[in-house]
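What follows is a set of structures to go through.
Presented sequentially are two complexes of chain A, the first with chain B as partner and the second with chain C.
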Partner chain A sequence: MTGMLILIALGILLIVVLARMLWHSEPKAKDLPFDSSREAIARFASFEEADQVVERIFGDEDWNFLRHRVPNQIRRSFLKQRREMAFCWLTLIRIRAKSAMHHHLAYARSFQSLEPMLEGKVAINYLAFQLSCALLAGLLWLRGPVALRGTVARAYELCERLRALTEVPWAQRTSSARPRS
Partner chain B sequence: MMGQFMNFYALLLWLLGPLLEALILARGIQTGWFTKYRAFSAYVGCVLIQDVLFMGVYFLRFNDYGWIYWWGELFSVALGVGVTWGIFGLILGPYPGANRMARNVLTVVIVMTFSANLADAWRGQLLSSGTVIELERNLRVMQAVSLLVLAALAAYYKIPIGRNAKGMFAGYGIFIGTSVITLTLRSSLGESFQRAWVSAQPLCYILTLLIWSAFLWKYEPVTAVDVRPRIEKNYRLLALITRKRVLQARAFLGKATRS
Partner chain C sequence: MGAKNFVCKTEELTAVLRGKEIMTSLPISETFDVALQDLRTRTLGRLQGDFARLVYLASTRNYNTGRYEHDGLSFRYSMPVAERVLATAHREVFLSLALRSLEALTDEVQQYVRFESDSPEELLKLWTDLQAYRILVPSQDDPLIVKIFLSNLSAALAIVAESWKRDRPDPAQQFGLRSPSPGR
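Showing the complex of A and B:
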C-alpha cells in the first residue's frame, strides 16, 4: 500500500512539475545576472561597510535611550521603523547572496571539470543560508530587531546553563573515575 | 447503448492517435525539425507504425492481439528510454557542467532504486509479482525519476529549454507520469481497474500528442544563453569563492543576533 502511494505521488509530482514548466515562460537573458566576477566581488566588499549598520539596527542603545524618555506612541513608531529597516537589510543580504549564487550557476553549468561533490556543498551552503534567512525573518516578524538580540541571548544563556548542568555530572564522573595518585 | 458509446469513444481515441502522430511527423518534415530531433522523430515514427499494425491485428487477427500488444508495449518502453536520452542530450548538451551533474545524480538515483528493488527481491516481494504490467511500470518509474532529475537540474541551473524541447519534455513527462499512476493502480487493484485503465491510458496519450502538436508546430531551436568559461581549470576557484560569499552572508545574519 505504501509503495503504491509513493509511486502515485511520484507520478503526480512529475505531472505537476512539468505542467508548471509548460505554462511558465523561459528564463530570459536579462533574468540571468551574468555580471563579471570583479563586479560581484565589489558588491560583496560593501558587506564590511554594512557592519555598523547592523550594529545600529539590531543594537539596543537607541532603544534604551528612548524608552523612558518618550511617550508610548513614539516608542511604537520607533520599533515599527526599526523592524522595516531590519527587513530591508535582510532583503539586501539575500539579494547579494542570490546574485553570487546566480553568478556561480551561470558559469558552473558550462564547466567540463565541474565537481559534483563540491557543487553539492555549494548548494547545501546556500540552502542553509536561505533557511537562516527564513528563521531570522520569522523572528523579526515575531519580536522585532530590538527584542531579537535579547531573545537569542536568552536562548544562548539557557543553552549554556543546560550545557553546564550536563557537564557537572560528566566532570564528576570523570574525576571519580580518575585513578588516585 | 452505454457499451456501444464506450466502444465508439475508444475507437475514436484509437483513430485520433495515429492521425495526430502523422500530423506531428508531417509538420516535422515540413518545418525541418524532423532531422534535428532524431530520437524523437524515430519514436513518433515507430509508434505510428506500431499503432497501424495494432489496428490491423485487432481487426484481422484478434486472437493474436493480446500478446502482440504487450510485446509492442515493451518495445515502446525501450523506445521511450531512447527519447528520454534524446531529451537529456537536447536540454543539457550545450552545458557540460550541468550534464556531468545530471549523470552523477542519475547514477546515485539508479543505484538507490536498484538497491531497493534488490532488497525487495531478497524479501521475496519482487519475484512474486513479475508480471509484464509490473515490468513496464518499473521501467516507467525509472524514466519518471530521470525526468524529475532533469527538471530539477534545468530549474536549478536556469537552463533555457526552448519551445520545441519544452513541448517534447513536458508532453512525454506527463505521459510517463500518467502511465506510472495508471500502471500502479492496474497492478495493485487488478481487473477492477481494467475498465477505467482502457479509457484513461489512451486519453493521457492523446493529451501528450496534443501538447506535442502545439509545441512542435514550428521549428524553434534552443536559444542558448551560454557563458563559456575562459579558463577551464577555474571551476574549483569559482566554487570556493561562491561558498565563501554565501558563508560570509550567513555570518552577517549571525552578527544581527549576537549580543
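Showing the complex of A and C:
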C-alpha cells in the first residue's frame, strides 16, 4: 500500500515537473534566426497564407519532386533548410499562442464575473497545445519535417482553436460586462 | 508629311496630358486601382510568366534607396501612387511565387531561362554563384516566406541547371566530330 502511494506521489510529482518545464520553456524572439525577430513575429501573426506555409514546409510534394533530380549535396542542403524553417515555424506559432494567452490573462484579471469552466478549458487547451508542440519538436529533431504534415496540421488547428477560445470570450465580455476600475 | 507627323504627335501628347489630368483628379484609392490595373495589363501582361514579372518589378526598385521608380507610371499618375503600385504588385507576384510548389517554380525558372536570356548557362552559373536572386525579395515581407522562397529558388536553379546539362546537345555530336566507329 505504501509503495503504491509512493508511486502515485512520484507520478504526480513528475507531471508537475513536466508541466512546469513546459510552462517555463517559453519560446523567445531571440531564438529565431532572423535579423529582425520582432518584425518577423508581427508579420507572422498577421499573414493570411498560413496553410500554404505549412504545406511548403511540411508537405512532401517538393521533396518528392526534388529528390531524383539533383545531386546528393543539394538534397541534404534542402532538407537542412526545411528542418530549420520547421523549427522557426514552431517557435513563431508558440510565441503567437503565448501572446494570445497573455492577452487572455490580462483581460480575465480585469473582469469580476469569471467563468471557471471556460478558464479551465482555456488552460487545458493551452497545456495540450504546448504538449503537442513539444512532441512535434521531438519528432522534427528525430526525423525532419517531411512526412509530419498530419501532426503539424493538428498543431495549427489547436493554435487556431486556442485563439478562437481566447478571443470570443473577450468580445462577449466587453460588450456585456464592465471591467473593474 | 513632317507637319502631319508633328500634328499627330501633338495630338497624342495632348491626349496623354488630358489622361493625366483625369487621373490626378480622381481620389487616391481609385487612382491606385486604375494604376495597378494599368501596370498589370500594359507592362506585366506582356512578360512571359510570373518569374519574369518578379525580376522586372524588383528591377524597378532603386538599390540605394529601396524606393520603386517608374517614369511612365509617375508621369501618368504621380510618384507616390507609382511607388505604392509597384510595391503592391511586387509583393503580390512574390507571394504567388514563394508559396507555389517547387515543381511550379521550377517551370517558371525554366521558362525565364529559356526565353529571357541569351546565354542560359551563364545566367544559371551567375545566379547560383552570386545568389543574385536575393534582390528579388520585397523588403517588407514575412522572413519565413522569404526563407521558403530562397530555399525553393536555389533548389529550382539546381534542377534547371541539371536538366540543362542533360538536354544540351553534345558539341562533338553537333559538329560531326565524333570519332568513326570501328566498323566504318
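One rule holds in what follows: the second predicted complex is superposed on the first by the 99 of 181 C-alpha atoms of A that agree within 3 Å, B and C clash if a C-alpha of one lies under 4 Å from a C-alpha of the other, contacts with A are read in each partner's own complex, and residues count from 1 in each chain.
Simple rule for what comes next: contacts are C-beta pairs under 8 Å (C-beta built on N, C-alpha and C of every residue); 3 or more make two chains touch, one makes a residue touch a chain.
Owing to the predicted nature of the structure, the values given are computational and were not obtained by experimental measurement.
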Touching partner for A:L114 - first (chain B), second (chain C), both, neither
first
Can A:E61 be said to touch chain B (first), chain C (second), both, or neither?
second
Once the structures are superposed on A, label A:V122 by its partner contacts, choosing first (chain B), second (chain C), both or neither.
first
A:L142 in the overlay: touching chain B, chain C, both, or neither? Say first, second, both or neither.
neither
When both partners are placed on the shared chain, which of chain B and chain C touches more of chain A:
B
Report for A:A134: first if it touches chain B alone, second if chain C alone, otherwise both or neither.
neither
Indicate the residue numbers of chain A shared between its chain B interface and its chain C interface, in ascending order.
34, 40, 44, 47, 57, 89
Looking at the complex, which residues from chain A come into contact with chain B?
4, 7-8, 10-15, 17-19, 21-22, 26-27, 29, 31-32, 34, 37, 40-41, 44, 47, 50-51, 54, 57-58, 86, 89-90, 93, 96-97, 100-116, 118-119, 121-123, 125-126, 128-129, 132-133, 136, 139, 145, 148-150, 152-153, 156
What residues of chain C sit close enough to touch chain A in their complex?
95, 99, 101-103, 106, 141-145, 147-148, 151-152, 155, 158-159, 162-163
Could you pull out which chain B residues touch chain A in their complex?
95-98, 100-101, 104-105, 137, 141, 144-145, 147-148, 151, 155-162, 166-167, 169-170, 173-174, 176-181, 184-185, 188, 211, 223, 225-229, 232-233, 235-236, 238-239, 241-243, 245-250, 252-253, 255-259
Contact footprint of chain C on chain A as seen in their complex
34-36, 39-40, 43-44, 47, 49, 52-53, 55-57, 61-62, 65-66, 69-71, 74, 78, 81-82, 84-85, 88-89, 92
